[in-house]
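Each chain carries a letter (A, B and C) given by its place in the written order, and its residues are counted from 1.
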Amino acid sequence: MKKAFLPIAIVAAAMFAYAPIAIDNAPYQSTMLLIQKIFYFHVPSWVALTCALTVCGVASAIYLFKGSPEADRYAVAGAELTALFGLFGLASGMLWARKAWGIWWEWDARLTMAFMLELIFVGYLLVRKFGGPGAEKLAAGMGIFGAATAPFIYKSVDWWRTIHPKTSVVRTLDSPDNSPPMFHVLVFCMVAFVLLFLVLLSLRVRLEQQRAALDRLYLEEED
Amino acid sequence: MFIRTALLVLKKDFAIELKTGEMFYTTLLFAVATVMIFSFSFVKDGVPIEGTAAGIVWIAVLFAGNLALGRTFERERYGETIRALLLSPAPRAAVYVGKLLGIVLLMVAAEVLLVPMVAVLFQQPMFAQPALLIAVFLCGTIGFAAVGTLFAAMLLRVGTRAILLPIVLYPMTVPVIIAGVLGTSALLEETPNIPMARFWLALLVAYDVVFVVLSLWTFEPLMTE
Amino acid sequence: MIRRLGVFAVSFWLSGAALFAFQAGTPNPSDTTGFEPVTSLPPGQQIPAAPYLLWAYGLIWIGVFFYAWSIWKRLGKVEQEMRALEKRRK
């Protein structure tokens, strides 16, 4: 992980620098025109959120059942990043909705459950902060449950009529002219976001590792 | 051994409730008061506002459940019996199942009281499809209680547990709330929308299965502190 | 182990029951009356897209940099304390 950090960070930065150009060159979607281009950061935010969610859920399970402190560090980093990328997704989604549908918010299934997922992981961070001694275990329980609820959230868009575009729209993205099809630009942004997620994850885990090292130093000093 | 322990825990709580009636009366009274307040606000001249009945009955049931969850482990903590429960040779998950059954029974008692009450106050045909209605309420109750009992046990030693429990519980059980309310309201339409109700029931069953199994699995490591 | 397998078996059976119930019906798509397609509105009534687009991207960029900076700051503080401790030990 450490050796790969710098190359990944550089590639991620480069991809993000190029992203506006790629997005600008992508074809207009027929009904929504310019505003639809939020899609290229909106969907990858949710992809990164899913990655963070998986990391948090798996790490929480490992921490709860095996007691490994390294797993706990990954769990808290994953939870913070879930909350962060969820915030990005919700903010970009609301701005898109305001232009495309004329409303800031609507309590349809997917939006509601995305908001709830955000609340769950903010709850994780609250439990972590205010849970007293042994809060890591409680937070790990929350992380597992939060990750388990996520599939119910994802599937809900297929099971309830909604004004949110259905998931199948991703596969029908092709362009009539020669500009890079929407799908390529989308994948590019997704990769960029996943790399960004990896960079932020390793930074956050490093912070926790240094904190643990500091605690160890303090303990040694006391002896 | 497992089932015996679970039933013993249930019997113990039931015996205490029979003697003191502490959780039973307060929870039911609170639920009834909630429905009364809603009926004052949402029923004008004997005509209820469209589509509110299902949500109201579920709100009342879930608030009652929240109160019950807050008390169920509090009693153990207060009497220091939690240590005895954890030290006993019985499998820990059996303790969880016993508590879960207690909460489910209490919430079902609340529902038995509230559903006819809402049927009368809001003039809704609650009993048009009794089997499906019972199924929706039962599965929703089990889902909510499963997650709630685990979180109540988890937060036992935390000082701010009374505040944290609703904060962590309600977002987690949103699938139950949505499926329960929509399933119930599908049954309350003029001609009950059976496919819709069965669809939401299926979601509730799936949620129950996943989260009861998950709770059984994680109860032991979460309660070892 | 056997118990865990039993739990999984029961849950599979129950999931099967759930799927079977699910086969029974799919939700009816309700009508979308009341919604007017945005492009059919006269330009005076439409909301300009560019500010929203810029805000969306801007917020995400700012968010990422803010988060990375906050981690960097905290990391710097921890490492400073570590250096101070090491110096004291020597």
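Here is the rule we go by: contacts are C-beta pairs under 8 Å (C-beta built on N, C-alpha and C of every residue); 3 or more make two chains touch, one makes a residue touch a chain.
This one's a predicted model, so the numbers in the text were calculated from it and none came from an experiment.
Distance from the centre of chain B peaks at A, each centre being the average of the chain's Cα atoms. At the centre of the protein atoms shown, by the Cα-centroid criterion, sits C.
Chain centres here are Cα averages; for chain A and chain B they lie 32 Å apart. One finds 5 Å separating the Cα centroids of chain A and chain C. Mean C-alpha position of chain B lies 28 Å from that of chain C. Among the residues of chain B, those touching two or more other chains are numbered 199, 203, 206, 210.
Chain contacts: chain C has residues 27 touching two or more partner chains. Multi-chain contact residues of chain A (touching two or more other chains) are listed as 159.
Interface of chain C with chain A (complex): residues 27, 29-30, 32, 35, 37-39, 47, 49-50, 52-53, 55-57, 59-60, 63-64, 67-68, 71-72, 74-75, 78-79, 81-82, 85-86, 88-89. Per the touch definition, chain A reaches chain C in the complex via residues 20, 31-35, 37-38, 41-42, 45, 84, 87-88, 91-92, 95-96, 98-102, 159-161, 163, 196, 200, 203-204, 206-207, 210-211, 213-214, 217-218, 221.
Within the complex, the chain A residues that touch chain B are 64-65, 109, 112-113, 116-117, 119-120, 123, 126-127, 130-132, 134-135, 137-138, 141-142, 144-146, 148-149, 152-153, 156, 159. Across the complex, chain A is touched by residues 147, 150-151, 154-155, 157-160, 164, 167-168, 171-172, 174-175, 178, 199, 203, 206-207, 210-211, 214, 218, 221-222, 225 of chain B.
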